[in-house]
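In order of appearance the chains are A, B, C and D, and numbering begins at 1 in each one.
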């Protein structure tokens, strides 16, 4: 079977390069082109590589960056993976969908549109059908977005617990890696030996995205969830991996061992469908005193293709009426490029590609 | 007026050296001796200095460490400031008090005793009178403890708000500096580019200490407060300064501007008494988007003697039924040695010394 | 005596803000205006502060940034301290000098001009007379530059040793702080937990500047020194303070104790003239095993006004025919703004202002 | 063919755990036992894992640590890989060799003995024959040591250049990772945002080990090399990977392109013998402006088994009569456990096992 040709948009950025890493040897998809702004046109990927721990093949490194143009992309690719900056993504992604391209985007621009699935296959696979309502685009064209990087890590275990016990209140404080701000992103003068308790728009995104994703799909669209959701976000001097301190209450408050059991036995759509980039375990629960930690757990996930795609939870404990956990997920894989690749795999499995 | 002779216990540790820094030129106290374990006996302070940003006088650096002995201390000093490790502090501090020494301790050993004030002068100065119940010690001997470093930064603004609006729920996630673990403390292999979401006993301490300190003083002792208190604690790669993300609810939920006004106008005992180590403002509220930060705010506090003694609050905001703030305080000054020095100043002002 | 009015150019940058810090209370100079590019015009200094450990007065923080214009500066200020970026500095500084302003610059643009002193008062005060040859500028207008930040720390002890023993060979490897790259400067993704062994142009600057500064002043200008000079430069995750590993050979190779003695007894012009920003000791020699270190020694220098202006040397040792030392100096004070302030003080003391 | 049973000594330490990582699936060797001090006896490897990026199999993690005893080891294992601390290694390794065990050690204790090969297979494979002179040990028992971690990275390219051009002078400054100090090792308070220009004994080791390893093997033993060798060593906040700034002179000073050519075409014994843990390229030369960097290059080496075993060189350049390079090698793999595994492979290939 011929592989589906895909474009990578924003190939000079952190997310774009994670897309290339995941698509280089993908069983279903094949990179048809790398796109970025005019400034990088004609450069070899080798010259613009920013992510230090990606080791691509020589052939891939020699590929040239092209200037993004909707018609040109549509002529060659069925799918576009977008790591474009938000300010450019809005129009560029609409143009591509209008040209009949299926767009899987990491950008925030279209996430809160009523007819766009804000999709994590482990959380709300049924929301994918929202694309049936995207009637203004070209034939076969649609937009699916992944969630914000810090929302993704939180949504997966919260979904498992919501189904089992009914979520009432979630309070999360984040310890976010600098790769989440892209490149050049956070100046080193601001973060070495420091904490910056502010990431523009992040708390608002976490609060509204959680409600949309854990909302109920109806014929009229998604009805947002209504549990109390409070987010407080900070940047810490970590390269990759968002750590989150989560306090929550359930309608039927579970015990520590029930929480662990529920998280471990969670087997959502990507795992039951055996999607190529899905880890064998969606959620890994660690029992050590001092885990998860970014340096130990950011690349959790098996097999090799799913490295960095599992969410690791640890330190499950009670405090009065509240439960507490810590979690870590890879912000540019699980919470970025990997999320969109998994979304495209779900779309393919559901016949949308 | 002759200065009161004071001993510094644990002079080879992080807290002990902060005591020396604060006492070197104190208007009321004078260092009578530096004490540590047998291992350091006879060494010059210069040889055991661990805190990199303390610059002491040559005379002070030349002082010799003596082995701790209660009788010897009592013969020379009216007061002992204790930076002893918890496991040693329990008996050593009791022995000193039994010998008639007034002990102001940073150790956790005696904090939860019913007759020991767990004291922050800005929060619960009236608890000082608990020492009247310490009847088993020698004449003039008593023990007063400061709070845990991360509790201290939290308790000051929460007290101001509790008085005004009635605290119902506090949820705190901490971003704690490595100096809080002493020296050698946290191995660099564990923390460079990492977050460690575990500090043994810390969450429990925060939860019980907050209830004791915000409790009501009665003739029968302190009746602990009963608001919901949830703490989640992590270590981050910062040298000095604990950052905290705080979410809370009040009985009479105030607006953002009311919270700012209440914090800014807070003028507790140390400020009204003009204690020497009290900052002119107990709480500093920053209005910038991205403050407080350890590198900017850890040494907040004026005049020079009170550097690092103010608590800095920022990012006051609402999220539905909840209020959110960030705060920073210096963990070995405000939350350690400085806390105990201020406690001793309050004791002196109240006639206990 | 009325203070001399001075302009700070590039007040939104790291060096510009260090100039403000040093000039806020200067005994001879008074800030007449803060200048930067059009982009920052009208902003308050408070809004553009980047250096986290500078604490300015409220009045200073309220000052407005003006757009740089040579005529306007000249109308108000006798002196301009320039922290302009190199690409802008060349023309802007020439324009100011042509308008009769005495320019003391941290930029590299004019450093290697034959008629411009590349000046460190501790090293080559006699080079100041090169300004007599700057005949094309307006009346009273001239340009004096300070050296590159990493060259400065090296040149001071090497000068002391050259005078005494005759320098033959210097090999330096640098461990440079990120503040040397300005703001935003080095992306955190490039430097957390990393070393970047490349700083564009830095090795070349160190090699040529050392030769010019340790060169001999003659009626025909400076004859560069000819010792072998090899530099290798890297960036490390340190906020402030360049550390340097130096290996050298002298014509009359001194012993370790002779080196220490020579460095300690070095008393160059700024110290004998008691310039306001000169530290009491130009070079501090530490005898501990493991010093100097940025966190301990970057702010070396007394009195308070000269904090960060001393060069700290340590670990003086021999290895066969070679001597080895480590040194640290503050890159934006001693090796930046402080260097130019000291240059201006020397010019004033010599009647050029 | 049955695999050779091997013991790992010091299995609770950084080097010991790297041994386990490399031996878990080794084609020639099989782990027969894990040994450490009495303190860890009976613990599962899982409980004492310190290296955050090693992911072992469940079976391996369940193995129990035994207390080190020479007779017990000898009864079960032909070979012992030693990651013991220096102070214990001296006697323990001698006891093992006396019991007939072939010891491949990372400890410094025996390195400078005349009859012990200080061995890097890429550098001095002929020195292996020194073990013929180890006549006091038991039948089949001998000791071979790998070099100091920072010496290893330097010796490989210097050997290639020495052969081709004749080494006269080497001056190296190191930027060493904290994992080189073991666990707990460097306190985080000493190194976050800092440089520590001192590692006890390290400079002396580099200077003498380079001379021994690049010395000439004769019937009477090794005649040390005599080039000028100067080392200056510092610790930087990097987890893994020693970076080194090297300045050198050759008898026949090569051009930049000759140096690059010589390093790239270097094919020493491990590569020509196709030893299992030898990387396909012993030395990788990078042409980018800003490489090598620890975060990019520390795991250089192919195939998978040889990850972290190549030495990466970059920034080859001239400065007058001197050449300059930067290099990086993995200190606990290439410069530690991996070095000793490669030594054992060479011994096996040469019939010593």
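A few points about this structure:
By our rule, a residue touches a chain if its C-beta (ideal position, glycine included) is under 8 Å from a C-beta of that chain, and two chains touch if they have at least 3 such contacts.
Quick caveat: nothing in here was measured; it's all calculated off a predicted structure.
Here B-D and A-D are compared, and the pair linked by more C-beta contacts is B-D. When every chain is reduced to the mean of its CA atoms, the largest separation from chain D belongs to B. Spacing of chain A relative to chain D, judged by their CA centroids, is 40 angstrom.
Taking each chain's centre as the mean of its C-alpha atoms, chain B lies 47 Å from chain D. Residues of chain A in contact with two or more other chains: 52, 192-194, 237-239, 293, 295. Chain A makes touch with chain D in their complex at residues 52-53, 192-193, 239, 293, 295-296. Residues of chain B touching chain A in their complex: 171, 173, 175, 193-198, 200, 203, 207, 228-232, 234, 236-239, 243, 245, 247, 289-295, 314-315, 319-322, 324, 326. Residue ranges of chain B in contact with chain D, taken from their complex: 14, 50, 52, 178-179, 183-194, 237-239.
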